[in-house]
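What follows are several structures.
Paired with subunit B in one complex and with subunit C in the other, subunit A is shared by the two complexes that follow.
Moving on to the complex of A and B:
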C-alpha cells in the first residue's frame, strides 16, 4: 500500500498549494508594501526548497552532497549579486 | 519596397560595399568548390552531423581562427584611423561600429571558441574518456554557438552593425540613441551563442566529474583539466546572468519595457552593473584555461613535474570565487560612494595574490629544470614578464581613487590588451603549436614559429606600451579622432606600426601552417614532445574511440610514469566499445535558431512564431527519440590498432 500512496509527495503537493494561496492573499487583501513583500519572499523561498527536495528528488541519490554543494554555491553567488547590486545602486548611491 | 528597406545598411561606405562583394564572392566560391570536388556528402556525414569531441573541437578551432582575422582587420583599421591626427579614413559612426564588433568578435567569437576547442579536444583525452558526457548536446552547443556567430557577422552587411560598444551600456543602447537594428543583433546573436556556451559548460563539468579513468582522483587530474573544470563552473554560474540581462535588454528594445530606461521606474545603471556581474567572471573563464595550458607546456619543456600542484588548484578555486566579488571595479566612476568603491578595490587587489602564486609556481618549475626552448615554451617564457606587466597595471587600476584618472582612457585599453594578448592569445597559439602534431600528425615548423613569437611580441610592445603613456596624458578610448595640438600623434603612429607588425606575425602563422602541410615530416610518432599526460598515450591520429583500453592512473602524470618508472597504463584486453551515433538534429535545430534570431532582430513576428514552434518541435522530437548508439567490435578495434601501430610513411 505504501508504494501506491506516496505520502511525502501528496503532503508536499498540499503544502505547496497552501503556500500558493498564502502568496495570492497578498494580491487580494489590503496590506502595506513591506508586509506583502516579506510574505512573498518567505513563501517563494519555502516553495523553491520544497520543489527541489520533494519533487526534484534532491537528496535521494548518492550524489546528494554535490547537489547541495551546488545549490549552496548558487545561493551564495545570487546573494552576493543581489546585495552587491543593492549596495551599489541603492544604499551607497 | 518598404519591407526590404529595413535590410539596408544605414551608414554605407565604400568599405562595407567592398566587403559585401567580397563575402558574396567567397560564398559562391565555397559552394562551387564543394560541389566541384563532390564534398557535400563528406561534409554532411563526417563533419556537420558528427558528435565526436575531436571533430567538434576542430570546427571550433576553424571558427576561432576565422574570427581572429576578422577581429584583427577591425583592429588594424582602428589603429590606422588613429595613427594620424584628424584622419578621415573612418567616420565616427563607422569607427563606433568597428570598435564594437572588434570587442565582441575577439572576446566572444575568437577567445571563447578557442578555449572551447581546447576543452573539447583535450578534456576527454586527458582524463582517459571515450567522449564527453553528452556527445549530442556537445554538437548542439557548437551549432548554437556557430549560428550566433553567423548571425552577428551578417550584421554589417544586412541592417547595420551594433555601435554602442561591446558593453552596450544603456541608455546609449536604447531605441532612442541606437535606432538601427545593430543592437538587436547584439542582444540576440550573443544570446544564441551564450546558450551554446552554457550547455557546453554543464557538459564539461559532468564529463570531468563522472568520466575520469580509474585511479584518477580529482587531485590527480592534469592541470589543464583542473583549469577547465574551474572555468566551466564559472561559466555555469556567470552565464545565466548574461542570459537574463540580454533577455531584459531585448524586451526593452523590442517590446517597450522599462528595465533600463531613465524614467518609469527603469534603472539604466543596472545594465552596467549586471553586465559586469557576468563580464568579470568571463575574464577568468578565458584566462584560467590559458593558465592550464601554460602549466602543461612549462612542465613538459622544463622536464620537471609542475611545482606546487596543490597551491595551483587552491589558487584557481580562490580566483573563481573572487571573480564574482570584484565587478564594480569596471565602473568606479559611476557615482556610488567611497565605501562601496573601497570594498571592491580591496577584493580586486586581493585577486592579484592567487595569480602571483601561480606565476611563482611556474618560475619554481623552471628552476633547476632542463629547459628546452621550443616554440610553445618560447610563448610561455614571453608570457610571464609581459603578463606580469599587465597584472601590475591592473593593480594600479584597482585603486578606486586613482581610477578617476585612468577611467575610459587608453591606459585601460593598454591594460586589458596587455593581459589578454600575452595571457590568452599567446596561450592559444602556444597550445595550438603544442597540440598540432596530436591533431594533424605533423609538427609546425619551429623556425617560422619562433619568428612568429618574437615578431608578435615586438609588435605587441610597440602597439600597446605607447597607449599607457597617451592614456595617462588623457587620450580617451573610443574617440575616433584627435587634433594635432594634443601631441598624441607620434605615439599613435608607433602604435599603428606595432599593430602592423602583429598583423605580419599572424600572416606568418598562416604561412607556417601552409609550409608545414607541404614540407613537415609525417614520421613523428605519438609523443613528439616527450610529454607527460594521457593525451599523448594514444595514437596519432587519435582513433574515434580515443583509447582501445581504458588507461589506469596512479599519479598526476600517468604517461610519464609509464615511460620512465614502469607504470602499467593499459591493463586487460580489448573489449567492444559503445559509441554514440551521428545526428543531423543539432545542425537543423541550430539553423532554425538562426532564422528565429533573424526574425527577432527585424521584428518579423510571423516568422519568429513559426520558428519558435519549430524549435519546440525539435525538442519534443528529441525527447521521444530512441537512439542507443552503436558498438565497435573487437575485430574492428584490433584492425585499427594494428594499422596505427605500424610504421608511418
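Moving on to the complex of A and C:
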C-alpha cells in the first residue's frame, strides 16, 4: 500500500495545499492591493511550477529541453499578450 | 516496433515519445488560448455597466470547494500514473476513477455557481464583465467536461486491453491534460476570484 503513495508527490500535494492557504490570506486578512497581488503572483506561479515538475514529469526524458522550451515559449507569448494589452488599454501608457 | 524496456511503458517506443512531446506542444497552444481569455477578462473586469461587480457575486465557499476538489484530483491522477508505472492495473483504475469522480464533483459545483450567477442577474448579456467572466470560466469548465468523457474512454480501454505501450501512453497524456486544467484553475482562483474579492 505504501508504495502507491510516493513521498515526492505527497509532499507536492501538501505544499500546494499550503500555497492555496497562503493565497487565501488575501481574502481573510486586510491588506493593500499591491501586497495582495504580490502574494497571489508568487503563490500561483510556484504552484504552477510544482504541477509541471512534480506531477507532469516535465524533466524526465530526453525531450526535456524541447518540453521546457515549448512551455517557456507559451508562457512568454501569454505574458506579452496579457501585459501588452493591459499596458495599452487599461493602464493607458 | 522497437520497445525499450528500461523506460516506463508510456515512453517505451519512439512513437510514444513523439506523442507525448506533441501533446506538450498542444498544451503550449492551450496556454496561449487561456492567455487571450485572461487578457479579455483583465481588460473588461471593471466594465460592469448596470450589472453586478465581481465582489458582489463571488462566493468564497463554492470556489474553495472547487479548488480543493480539482487540486486533489490532480494529485490522485498523479498517484494513478505512479501505480501504472508499478504495473498495478487495479490501483491505477481506482485512482483514475477517483480522479474522475472528483472532476465530476468540481463540475457540479461549477454548474451550481453558474446557476447562482444567472439567478443574481449576471448573465452572458449583462455586461462586458459578466460576458468575459462566464466565457473564461465556461471554457475551463468545457475542458473539464471533455476530460471526463476522455477519462472514461481511457478507463474502458485499460479494462479491456490492460497496460500496454498504447494504453499507458494514452493514460499518461490524459494525466498531462488533467494537471494542465488544474494549473489553469490555479490562475482563475488567484486572479479572478481572490483578486475580485480582495
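A few comments on the model shown:
Following the convention adopted for this analysis, the second predicted complex is superposed on the first by the 84 of 93 C-alpha atoms of A that agree within 3 Å, B and C clash if a C-alpha of one lies under 4 Å from a C-alpha of the other, contacts with A are read in each partner's own complex, and residues count from 1 in each chain.
Just so it is clear, a residue touches a chain if its C-beta (ideal position, glycine included) is under 8 Å from a C-beta of that chain, and two chains touch if they have at least 3 such contacts.
Owing to the predicted nature of the structure, the values given are computational and were not obtained by experimental measurement.
In the model built by aligning both structures on subunit A, subunit B clashes with subunit C.
In the superposed model, A:18 lies in contact with neither subunit B nor subunit C. When the two complexes are overlaid on their common chain A, residue A:89 makes contact with subunit B and with subunit C alike. In the superposed model, A:3 lies in contact with subunit C only, and not with subunit B.
In the superposition on chain A, contact is made by A:81 with both subunit B and subunit C.
Touch counts on subunit A: comparing subunit C and subunit B, the chain ahead is C. When the two structures are aligned on the shared chain, A:66 is found in touch with subunit B and with subunit C.
Of all the stretches 235-243, 343-351, 487-495 or 541-549 given for subunit B, the clashing one with respect to subunit C is 235-243.
Subunit A residues 66, 73-74, 77, 81, 85, 89 lie at the interface with subunit B in one structure and with subunit C in the other. For subunit A in complex with subunit C, the touching residues are 3-6, 9, 12-13, 16-17, 20, 23-24, 26-27, 31, 33, 36-37, 40-41, 43-44, 47-48, 51-52, 54-58, 60-63, 66-67, 70-71, 73-75, 77-79, 81-82, 85-86, 89-90. Touching subunit B in their complex are the following residues of subunit A: 66, 73-74, 77, 80-81, 84-85, 87-89, 92-93. Looking at the complex, you find that subunit B touches subunit A at residues 209, 237, 241, 267, 269-270, 273-274, 277, 324-325, 327-328, 334-337, 339-340, 343. If you check the complex, the residues on subunit C that touch subunit A are 7, 11, 17, 20-21, 24-25, 27-32, 34-36, 38-39, 42-43, 60, 64, 67-68, 71-72, 74-75, 77-79, 81-83, 86, 88, 91, 175-176, 179-180, 182-183, 186-187, 189-191, 194-195, 197-198.
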